[in-house]
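Look for chain A in each of the two complexes below; its partner is chain B in the first and chain C in the second.
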Partner chain A sequence: MLPAMAWRNLWRHGRRTFITAAAMGVSVAFVMAMLAYVDGMYGKMAEIMIDQATGHVQVHHPDYPGTRALDDTVKDAGARIEALGGLPETRAIAPRLNGYALLGGEKKTSGAQLVGVDPVREADVLPVHDRVKEGRWLSPEPAREIVLGRGLADTLEVGVGDQVVAMTQAADGSLGNDLYEVVGISTSGSVTLDRMGAWLHLQDVQSLLVLPDQVHQITILAPTSEARINDPDVLAAAAAVRGVVGDSDDLEILTWWEASPQTAEMMGMSDASAGIMLVIVFGVAGLGILNTMLMSVFERTKELGVMKALGTRPWAIVQLVLWESLLLGAMAAVGGLALGGVLDWLLVTQGLSLTTGDGEQLSSMGVLFDPVIYGVVKPERIVTTVVSLLVVAVLAALWPALRAARLEPVQAMQDR
Partner chain B sequence: MRRLLPALLLSLACLGPALSAPARAEDPSIDDLLDAADDIQRGASSHAVVVMQVKTDRYERTMKMESWAKGTERSLIRILEPAKDAGVATLMVDDNIWNYLPKVDRTMKVPAGMMGGSWMGSHFTNDDLVKESRMSEDFTGEIVGRPEDGGVWKITLTPKPDAPVVWGKVEIEITPDKVPTVARYYDEKGNLVRTMTWGDVREMDGRKVPAEMKLVPAEEPDEFTLVRYDQIDFDIDVSDDMFSLQALKR
Partner chain C sequence: MTSSPIVTVRDLHRHYQQGEITVKALRGVDLDIGRGEFTALMGASGSGKTTLLNMIGGLDSPTSGTVLVDGQDVGAMDRGRKSDLRLDKIGFVFQSYNLIPVLSAVENTEFVLMLRGVGKKERRDKAMAVLQQVGLGGMEHRRPREMSGGQQQRVAVARAIASEPALVLADEPTANLDSQTGHDLIQLMQKLNDELGLTFVFATHDPKVKDAAHRVVWMEDGQVQQDERK
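Then we have the complex of A and B:
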């Protein structure tokens, strides 16, 4: 009976109720859209990091992340990769050998970050068409070919078909140098990689750096597409890899959030920014409800006095006011979900373009954004939003409800 | 003093007069000592065969090289051994360095950003090869020890405000014959960065020169780069064409 009364009470001031509910509903929709956008953005950054740097699970020499030293490598790489190849918990396995070299075109030179890859396995990690925008990807067999980042190719003033020289200090201290043919130009989405990155066949880099059958990291992808910390698929893959490779002194097996704590922290920031947004938006919405409910209690002082005089218990009055607020919140939630759903749908399907007026791309933390960010809708975010709204509605109505319950019937009935 | 390697690769032409100068009873000025130590590493021209031994935690290698120098601004080093690196040549003109890579038949200029990097895997940087600095001009010296009882001059150098040097302090020891024996290089915080020692003074091409120099980085006391002369000829007849990009390819 109380909910029905509360519902009727709400519509005694239909316009006020509607405006309050609409304001709260718009807040819900706004929060939903912002969360989808932020999750899309951070998720994209994490994906780029996973695809191009860490993988979901990574095997490397325990000293390598700290030293980045040329000879802190995984030895017997070929056999280890073969052994990992058959694991059902993994989707792709890519060995990588990194080195710094001076690259020279016909006229210009530039420092470059060389990445030696297995062209076939690497293509499983990042589809070739996502990577190479001009020319082609490396041949499966070593043929002294090189794929350059867009910015690096521009710096060197070379294009597909040209030759570049690489010069570097090899692991044995000798002056490693060789000549490579540019077969493709890559646009990866990472500012650093586009400006500095150069991909070569693993064996070509092994011979340049004098590191036979060695790699710096084995990058493993789990069969999951989401960048989520503590993803069970990733944990399962890490456990499977540990089972095959074993935890020895010269090897370390890390998940991506362990390998790149700054990315994990960044993902944490998305949770924190979601929290801050919820607090601000619903703080304001809560004040709106408080105002509405206070007004509604004040103007009903006489009526509430009569109810009490007729024997309504204070607890029933508290419940009545709370029901009114809760129903108001529920209406706002329904409207907000509808509007937010439309906004989310637009964000997911159309995306939001970040291009500035002159068409320049945006970058943050070294990751260049594909100019269109697509929203990512996480059900748990929506549940949190709606539950927060309802909790706020109840909390904001507590004071007006208690005030109404404590009215002295005689005095209240004298209210004009 | 930062011209460490060519220090020896260059010809030490002024050493002779410095050594033959009679030891006098009164103190020479600091500038005299520093100029003599600086000039021990400079000459009109030279040709040398040098063995460089590099030991690091990660590798150990020995290279045999041939070098030519003219004045203080032009030098050329060609690697003779080991076979893998044979023919690699480094040309230094003013503050620029080019490497010739015979395997790919290309010449590459070392860019500014890599001048601080290692030269041929040694503890010398590319900058060490070309950066010119004159102690008496770039530093203020203070004599902190005198050559009593067969000792050496000990001089502490602090850079002048605008001097183009990276060190915060250099301690150098010079024999009464004005031959440097040891130099310790400190950074701006006063931490020892590296120590250079000169040794095995002997006569080559009619002059007494330290035939060995050893550089030890302070952070890795087990590592070193040792440069030793097998042969050196002073005041040779060498044309300017020797120090050109065309000649580099020969």
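Then we have the complex of A and C:
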């Protein structure tokens, strides 16, 4: 009977109940939308970093992350990549050889970060249509082709079909230089790579730098789409890779969160910002509930006194008030889920534009965002949001409930 | 009535502090109420009859003296035990009905049974039967706002007797009713007293209640002045 009484009590002041529930529901919807947006944004950042820098698992020379030295390489790269190829725990395996060179177009020159890639394997990491916005991707076989980052191409004042010269010091101390045809312009999402990146066939870079059958890193993707620390898929992939290539003095196998602690920290910020948002929004919602429930208890002092006079135990009065608040919270949750669902759907399907007024894209932590950020809906976030709301509803009603339970029947019944 | 008293009051005092003034609402009341009695506490406003009723009902605590209800010392009880006493032994009828507005007549009637843990079907059957008994058959599902004052007070009586209490305390039950409705209500309670042997104690100004009562206890300045038995 108590839940039924609580429900009817809520509708004694229907407008007040509706306004409070609506405010709480809007809070739920706002939190859901913000979480989907933040998860989409951080997920995108992590995705770009994982795809273009760290991979889920990375094999490299133990000294390479610290020195970035040309000759700190993974030797016998071809055989090792071949051995890794059949692992069911992996989705993509891409060797990369990095170097710096001076690139020259017809009129301008610029420093560039060369990335030697296996064009076919690299396309498994990041689909070509996501990478090349103009022209085409590299041919499967080495053909002295180059894909330039958008910013670099602009600096060099070259376009698709033009030729550029690369000059660099090779690993053996000789001067390496060669001529390449620009076949594509890339917008990778990484600020550094878009400004300085140049992708070439792995063998072309190995030849330029005189590093035959060597790479700086083997980037491995696990069959997971989430950037989650301690993801079991990533751990399984790392274990499988370790099983094939083994740990040795000239190799180091790291997961992405080990290889890039700053990326891991960034993902932690996503959880922290979610927590802060929940505390702020539901803190305010809690005050709203507290106010509503206090008013409700004040108005019913006489009635509550009668209930106590009839023999209602204090705990039953507490239960009644908590039921009212819980039902209020549940109504808000239903409304909030409906509205939040619509907002989430819009964020997932339509996204939200991040372009600034002057049309510039926004960048954060070295990642250049697509103009539109798409939301990512995580069921556990929604569950946390709804449970938080209900917990806040109960906690906020505790004080009014205890106050009601402590009423003295005689004094309460004299209330007008 | 010759059986052991349901209520025993001995040297009961109740003092209130109002600022610096001590109000002596009860000043040494001695009273026994037998089982099955139909007793009216009469007296002017401020004579102490409602205070005495509250003491018997465990709604207030004595400053000194003893109140025994069915042999249990009400003054020595903590809040929880007083609550249980009211639930198990006492039915209340208040001046302004004091029904729970969100509950229908039958739900108000079964409320106390619910508090006592009686099963849903059993308490509903009982409440329906009691409403029939007080002449409200067919109005079981009306909310208080859909009923007249007299009808609401009948629901209050039904609520008070549904759990078959040892004692029904009624504080000015007819004060808010017109003459005829008040008369009907007194007749109803008389009938319940006669047929079920329920003990009724009224605090009242109403001469109709006085006329109907088996016993009239006159109070003045917090003391029993006269105890008339008919």
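The rule is simple: the second predicted complex is superposed on the first by the 416 of 416 C-alpha atoms of A that agree within 3 Å, B and C clash if a C-alpha of one lies under 4 Å from a C-alpha of the other, contacts with A are read in each partner's own complex, and residues count from 1 in each chain.
Please note the rule applied: a residue touches a chain if its C-beta (ideal position, glycine included) is under 8 Å from a C-beta of that chain, and two chains touch if they have at least 3 such contacts.
Everything numeric in this text was worked out from a predicted model, so none of it was measured.
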item: Superposed partners chain B and chain C on chain A - clash or fit; value: fit
item: Partner chain(s) touched by A:167 [first = chain B, second = chain C, both, neither]; value: first
item: First, second, both or neither for A:71, with chain B first and chain C second; value: first
item: Touched partner set for A:102, first chain B, second chain C, both or neither; value: first
item: Which of chain B and chain C A:111 touches, first, second, both or neither; value: first
item: First (chain B), second (chain C), both or neither touched by A:291; value: neither
item: First, second, both or neither for A:187, with chain B first and chain C second; value: neither
item: A:179 touches, of chain B and chain C: first, second, both or neither?; value: first
item: Shortest CA-CA distance between chain B and chain C [superposed frame, angstrom]; value: 80
item: Common ground on chain A, meaning residues reached by chain C in one complex and by chain B in the other; value: none
item: Chain B-touching residues of chain A, taken from the complex the two chains share; value: 69-71, 102, 104, 109-111, 165, 167, 169, 171-175, 177-179
item: Complex interface listing, chain C residues touching chain A; value: 54, 57, 59-60, 79-80, 83-88, 90, 92, 94, 98, 100-103, 107, 110-112, 114-116, 159
item: Chain A-touching residues of chain B, taken from the complex the two chains share; value: 54, 56, 58-59, 61, 82, 84-85, 88, 99, 101, 103-104, 106, 108-111, 113-114, 117-118, 120-121
item: Chain C contact footprint on chain A (complex, rising order); value: 1, 5, 8-9, 12, 302-303, 306-314, 316, 409-410, 413
